[in-house]
Structures are given as structure tokens and as C-alpha cells.
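Next up: some structures, all given as C-alpha cells.
Next, two complexes with chain A in common: one pairs it with chain B, the other with chain C.
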Partner chain A sequence: MFGLFNKSKDKNEGSKQSYPEWYTELQESQQRWFSFLEKLEAKMEELATASIPELKQLLQEDEDLYKRTFHRVYSGVNGQLNNIRERARDVYEEKVNDLYYNINSQISVLDKHHDLLSDFRIACSDRYNEFDNKYDYWRKQIDKTQERDLEIEYQKILNEFETIKDKFSCKQCGGHITIEKIFLIETYISCPYCQTQNTFAPSTLGRNLQNIARELAEQRTAHLHEAYEAEKDKERDLYHQRHELSLSIIHERDKKVLSEVQSKMNDLEEERQFAIQNAPKLRQVYLRAMYDEWNKITPDLKEHNEKMYQNQLKY
Partner chain B sequence: MEEKKVNSFLNRLKENAQKQTNYGGEFETTEAKMSVKDCPNCGAGRAKEDGVTHCAYCGFEFLNVKLTDGLYIKKEDNSI
Partner chain C sequence: MFKKLFGALTGDKQENQNYEAQTSNDNYENDYEDNYKEIEYDPETLHGTHYTVEDFDNEVEARAEAWIADERASGENLDEKDIQNIYFNYRRTVYTEWNNCDSDQMIRFEHANSLKYSGIQTSGFVKVDDNNPFLEPVHGVDLRTYTAMCLKISAGIDYLEVCKAMGFEPIVWEELNTIWPQRMGEDTSFTVTTLFGQYYAENVTIPQLENLKAEVSEEGAANLERMKTDRYFYEELAGARQAAYEYGIDGAQWILENFGINLADFQSVAMQWMTEQNQNWNSQDIIEFSNYQQEKQKEYAAKFAAEQGGNIADDVNF
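Showing the complex of A and B:
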């Protein structure tokens, strides 16, 4: 009727055709940015897939007590990965952000074509986020190459202790001296027969126990840490779920649907509040269990560890 | 082509890492051992009840600190 709708259609088509001259520049930049990130991603993947098996092998073969050769290569690979990420950031600043601000300064936000500019920026930044997620993924995969089963190392230390604990005798009178526990530093041990103060020096392997103790305790209580992390993440997750629901009923008129959604939202909120309360408790459970394990492995450091535990509880 | 580049980078990295010397020199592993220190002044042995800071016979000073309570050493280990 009156050709009103036709008219508006014509108008729309007209505006679509008359893109501003900077639009082609935007499109080209977007395309270049996308293909640039694709190349970087391919590079990143190639680097990671080639280095992960190498790193794992290196960790196995590294004779050094602290695995220093492995760590040098590990940080080299990480550095290279970081270079790729920095390159993406620089190019984003230079090619995407600069162009956006440049055009943004020339046109008004009320301009009918301003949407094109915003869309360009959103598309580019979404793609950039996608790239960053991939970076995080590879970074974590490379991080995982550091993990080694410390139970094996711990067992080695225990075995060594079993073999040495009855091996020594007093240097003065020759009486038998039993080593009671795994000492981490040089210690005076007095002979039970002549009371002479002998100095016991633990082996390199034995001394290393204090370096692996915490990590071993963390390995043993990893499931509790995961439970805490999961509970901590729940809060945001539930919040977003509830938010989605609240958006979905903006235009809803049906009271029945409204009340159903509202009760779901209430449930979610309740769960969320519970997660907020529960996460710190789970953290404490994890920390207590981890420190207990740690104290079991190195009872001598208990006093010191407990201070650290009390400190950690405050944060 | 690309793959070769990555591998040569990794090889170079590994080579350099292996060549690099550790700060503080080579690492030495030692076995557990027991030793005893007699008084270098008069040759007397050191017994538990005499403390560890001074020789019970000639008064030679092994340690010039006053010991406080620790994990293995207690303040009773001061020689009187």
C-alpha cells in the first residue's frame, strides 16, 4: 500500500551500494589480518608439535639434577612462541587499531556507515581472541612437558636411605650408628656408645628431597586442587547462565513462562551463592591436605611450612 | 621448507643448551658420609655432653657463635 515498503527497500539497497571509499580499505585490512593470523597460527602449531616430543625426550635424558639443559631449551621454545604472540600484538596495533582510530576520527559516530567501522573492529578483535586462545592452548601443552613423576625420584631417595641408614659406624670407637631419618643438611650425630659427635653429611640425592617435596605433595593432592578450581570457575559460569535467562525474558509476556524462568534463575543464583561460599572452603581443604603431605615427606620443615600455610590462608 | 626451519631452530637451541656451562661450575654429586673432627689444638675428641662450640680439654674454639634452639642443634649444645 502506497508503495511505502518498496520505497524503504529501495532506500536500503541504495545505501548498501554506496559504501564509503574507506570501506574497501577496511575489507582489505581485515582480510590481510585474517590471513596473517592464519600463518602465525600455522607457525605456532608447527613449532609446538615439533618441540613437544623433543622436550619430553630431553627431560628424560637430562642427567643434571636440576634438569638445567632441559630448562634452557624449554625457555628458548617459550621465547620463540612469545615472539609470535608479540608479532601479532604489534601488527594488531599497527594495522587494525591505527586504521580504526584514523577513520573513526574522520567520521562521526552518528554517521550511517559507522557500523561498518565497528563491525570491522569487532571482527578483527574476535579473530585476535581466537588466535590468543590457540596461543594459550599451545603454551599449556608446552608447559606440560615439564611434568615428571616425582614418585619415582622420591622412591630413589627412600631406597638410598634404606641402604645407608645402617652403613655407618662411629669414627672414634667404631660403634654402630643408625641414621634415624633423612637429613637434609649436615648434622651432628652422637655415638650411642662413646658420645662422640660425628658429623653426618647427606648425599646429593638425599639433600634434593627438600627441592622436590612441595611439588610431590602438590602432585599427590592435585585432585583437590582441581576440585577447588572447578568450584571457583562455577561462580562466573552460573552468573552467565542466569544472565542469558534474564535476557531471554525481556520480551516475554506469558506469566507461566516468566515464573518458570524466574524460578530457574533463582535456583542458579542459589547455586552461585553456594559456590561463592564453598570455593574458599575447598581451597582450605586442598591447602591443608597439600601441607600435610608435604610435612609427611619432610617432617623437619614442618614448623617453617606451617608458618607459610598460615600466611597463605590470608590470601 | 618451513618444517626444516623449525627443526634447525630446535637443533641449534639444543646444541647451545648443551654447550652452555652452568653458573657456579660443574655439578658434583656426593655420597652420604660420616666424619669426625678432633680438636686441632690438643687432639681430644668431642663428646655430646661437652657441647660443640669449644674443646672440653683445652678450650679451643670450634664455633664462635652462641647456639640457639634449632631443629638439630639445641642451645644445650653450647660448651660451658
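Showing the complex of A and C:
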């Protein structure tokens, strides 16, 4: 696992006397740093694997409309994960960076052993990045516990609506009142027979439609969002590809090779320009589809949502 | 290009020959304080009184347009956002040059003029147009009244009680509570949102709601008063609340139980400090308070951790 560490250890074998005295300290610190991170990573994994199933279960069982219990625990789990990350950061500052600067201030950059110091720092910081990537991974896994299949909840709301919509009668004349659609908030409904205003109060489940509508629409149009994100990322990606090519011909003298590479570069630039133009179009396609879905789920919010759509197009 | 950037000022505006834009306070005072008279600022616009706003806007435009023309001539595609950024940066440059000011003063100026230049309101500098359709009352309830109702409800008073005191059916409240938030979303200038925040910070109340008081203990009232006047105490509680959430505790509830301050009052004071910070922008203070809050958050985190038998990684050592 710790290839870098092993390598520097190997280097040390056989020619110990040629290294400066601080090198032992570096090696030891590096070894400690590596094993410290390894232990922290094990803790992260332990924390995540234990809490992910619990969080998922909690989300399912949390009857609260806003899932407050879930969010409390979720926030606590993230707090512990953050705490682990902070430990790593503090220790890196204290044990790696400080040591580096300390020795760096004692020796010249021209010192023949200076590269030992740079190698130490690079190895430690690479290892730190590796740790951070793992942190990101677990963070995302924990984030995912928030996701739930909203189609199921939506179906529950639709089913409930089907069962209640014909069960109302006018408080004045007793005439039958059909609830025409899912109301999101309390609403006056006129009796078709005597015109008396009746107050219809939607159920807790029904009210929740408003809270899940956008996310449900986003779930349904996630593929379009991904397509947009992929197009957006192309710009940097193509730029780097082209840049790599341009670096590769710095010393090239062969005209044929030069013109081939140049033509590849031109193609890449063309693709890049296309991506720049195309990404906003894909964004609009996504937004339009998402808002269309949203409007289908909560037609009552259409007027408001359309204004939000127009605003969002501008940013 | 640099000639364009720095050279447009050689005219009659001032004698200052140093055109470097200051972006930090470092060494700045020393360089300038002996040489120049203190600038007088218009209390409304925060422009220096030694020039007119029109001159300022023209200068910014001239420099920005020259830069834009240059960029376009060299084949750059500039979209609307780029152009806004160019203007934004020249506004900073010209303001700093013409007023010999530090970045804090520049930011105060930006806050005071955010609506004019960026189309966005800043808390503490809200400017309201009489005919703003977003501020039309809903069912006769204006934003101030709506905010007063929200304050009562987030202080823990049942919304039905609030409706009764206002003399309307709960159905009206539900509509208010739909339409006002919708307007906040639709209003790209953030006028509704910032104004709501401002009323919230003022802890506005209206006669109909005066008699509805959330139960506040004597200790809670004293803590609240202290939080309003002692910024450090506010920062401590904000840090504590954050730490609580990180340990799976409902921070708002924890503050209520331990300090007797309810969510509405807490948020109101938070808004009050934020507004104050915007109005008297001072980066040194901001850093000081932010560090203090972090320090306190750590202290409380250690306390919560101890209560929960430690953090999961406490036994891992270097």
C-alpha cells in the first residue's frame, strides 16, 4: 500500500552513512504519518459502514414530514467524519509541515540532500491527498443516504388522493363534493349545490407533495442533468488535451508530424468551441424538462415555477 | 493595455499620481495618510464628495469599454457576465484611486450601491421603490406584518393563536405563507428577502400581536439582552449551536434549553449583527469574530464529545 514509503526505506539500505542526521527523523515522521492516516482511514470506513445502513433505515422509519430525526443523526455522522478530517489536517500541519520548514530553514536548497526533504514532503502530501480522496468517497456515500425513491412517496400521495377525493360532503347542505385535485394548502371549495364555501384541509401526506415535487422532477430528469454536466466538463478536458499536444511539439522539427499534430489540435479546439456553445443549450433542455415535470406534479405552482425558470435561465 | 488601464486618469480629477489599485490594507495607511486630506463621503452613496457620481460612472464606463474593445479586438468572446465583471473591477479600481481608500471602505461603498450597480439588495442598505409589485400586500397583509407573524410563530407560538389575534382564518395564513416565500424566490433583486431579514432583525411587532408573547424565562431574557449587546457572547452561542449540530444535537433546541433563547430571537439577533457588519464593514473585526466563534465551537465540541464518550478517532495517535 505504501509504495513510496518502502522505496525511501530501500534507498536507505546499504548507504546509511551518506545521509544527514535529520534524515532518520524524516523517515520516522513519514512512517508515522502514513500509519496515522491508515488508522484514520480505518476509522472512517468503520464509521461509514456502520452508519450508512442505520441512516437508510432511519430515513425510512422517520415519520416526520421533514425527517428531522434523520437529519440530526446525519449531521452527527458528518460531524464525526469532519472531526477525523480535522485531526488529519492538524497533524499534517504540526508533524509534517512544521518539520519540513524547520529543516528547510537549516539547509540550503542547493544542499545535495535537499531532495530528501522535498521527497519527504511530496510523499507525505501525496499520501494526504489519497486520504482526502477516501474522505470524499465516504462523504458521498453518506450523502447518498439522503436519497430516497420519491416515486414511492408520490404514489402514496396519489393513492391517498384516490381514496379521499369522493368522501366529502358540504357542511351546509350535505351535498356531495368531489375534490378535483391535490391541494397543497388549505383551500376554500364551493359546494356545487348550495355554493357554500367549505374549507378543505389537505392531509399531512398531501401537503408534503409540495416538499418533494422539485426533487422528484429532478430525479426524473437526472439523465439530462448529467448530459449537461458532461458537456460542461468537456471544455476543460479538451483544453488540457490540446495543451498536452502543444507541449509535445515544442522540440518537433518534422514538418509532417507538426502539421498532423496541429490539425489534431485544431480539431480539439473546434470541439471545445462547440462544447462551450452547446453546454448552455443542454442546460436549457434540462431545465425545461425538469420544470415541465415539476409542473405536472404540482400544476398549482406552475405560474410561480415559470417565473423561477425564467430567472434561472439568466444565471 | 496597461496604459489604458491606468492612464485614463491623468486628467483633471485629482493630483494623485499613484494609480495602483489597493486591494489590501497592508502598508497602505503609511503611504498615504500624511500626503492627503481625509476624504469626505456622501452618507447615502458613500462616494467621495470631491467628485460627482456621474463623473465616476463615466470614468468607469470609459475604462471598461476600452478594455472590452481591446479584448474583442484580440478575438475574445465576451459574454454578459464577463462584461459585468469588467465593470465591477473598474468600479473597484476607480473608487479606490479617487478616494485613496482601503478595501474595507471600498466594500462599504459596494454594499451601499449594490442595487444600483449589481441589481441586488444588501442587508443594511435596502432601498425600496414605492411601486414595487413584489411588495404589494397579500390579503391586506404587508411584508412587515407577515414578518411579525413569522417571528411569533418561530418563537414557538402556535400559528392558530397568531391567526386568531390577526382575526383571520388559518387558510389566509397558509396563503400568505405560500405567496410571500414565492415572491422571495421570484424577486431577483432580493428586495423581499433582505427586507424580510431587516424586519426580522428589528424584531418587528404590530399592535394585534403585542399580547402574544412567547414564554421567556428571566435568565433567557437576560441572555438575549446580552447577545444583542455583546458580540462575543453572540459568537459563542453561534459556535455552540454549530458544534451541537455536529454532534447530532438539535442546536436550536439546545440553545433554548440551556440559554432560554428561542429560534426567532436567536435568528433575529444574528440578522442584527449581520446587518451591522455590512454597514460598518471592517475586515479585521470580521476575522477576529470569526476566529472567536471557531475557538468557541471547538470548546463546545470538546464538551459534547466528552458527554458522548469521545470522538470516534480520539484513540488514533500520530
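The rule is short, and it goes like this: the second predicted complex is superposed on the first by the 286 of 315 C-alpha atoms of A that agree within 3 Å, B and C clash if a C-alpha of one lies under 4 Å from a C-alpha of the other, contacts with A are read in each partner's own complex, and residues count from 1 in each chain.
The rule is short, and it goes like this: a contact is a pair of C-beta atoms (placed from the backbone, for glycine too) under 8 Å apart; a residue touches a chain by one contact, two chains touch by 3 or more.
Just so you know, these numbers come straight off a predicted model, no measurement behind them.
Asker: After the superposition on A, what does A:112 contact: first (chain B), second (chain C), both or neither?
Answerer: Once the two structures are laid over each other on A, A:112 reaches no partner at all.
Asker: Have a look at where A:156 lands relative to chain B and chain C in the superposition and call it first, second, both or neither.
Answerer: neither
Asker: First (chain B), second (chain C), both or neither: which does A:296 touch?
Answerer: neither
Asker: With the two complexes superposed on chain A, say which partner A:43 touches: chain B (first), chain C (second), both, or neither.
Answerer: In the superposition, A:43 contacts both chain B and chain C.
Asker: Specify the partner with more touching residues on chain A, choosing between chain B and chain C.
Answerer: B
Asker: After the superposition on A, what does A:89 contact: first (chain B), second (chain C), both or neither?
Answerer: neither
Asker: Check the residue A:311 against both partner chains and state whether it touches chain B (first), chain C (second), both, or neither.
Answerer: second
Asker: With the two structures laid over each other on chain A, which partner does A:171 touch: chain B (first), chain C (second), both, or neither?
Answerer: In the superposition, A:171 contacts chain B only.
Asker: For A:64, is the partner it touches chain B (first), chain C (second), both, or none of the two (neither)?
Answerer: So A:64 only meets chain B here.
Asker: Just checking: does A:206 make contact with chain B only, chain C only, both, or neither of them? Give me first, second, both or neither.
Answerer: The first partner, chain B, only.
Asker: Could you pull out which residues of chain A sit against chain B in one structure and against chain C in the other?
Answerer: Chain A residues touching both partners: 43, 46-47, 68, 72-73, 76-77, 80, 185, 187-188, 199.
Asker: Okay, in this complex, where on chain C does chain A touch?
Answerer: Contact set of chain C toward chain A: 169-171, 174-175, 177-178, 182, 185-186, 188, 245-250, 301, 305, 311-313, 316-318.
Asker: Of all residues in chain B, which touch chain A in the complex?
Answerer: Within the complex, chain B contacts chain A at residues 2-3, 6-7, 9-10, 13-14, 16-18, 20, 22, 27-37, 45-49, 52, 71-73, 77.
Asker: Report the residues of chain A in contact with chain C in the complex, numbered from low to high.
Answerer: 32-33, 36, 39-40, 43, 46-47, 68, 72-73, 75-80, 82-84, 87, 91, 95, 184-188, 199, 304, 307-308, 311, 314
Asker: For the complex, give me every residue of chain A touching chain B.
Answerer: 42-43, 46-47, 50-51, 54, 58, 64-66, 68-69, 72-73, 76-77, 80, 160, 164, 167-172, 177, 179, 183, 185, 187-190, 194-206, 300, 303
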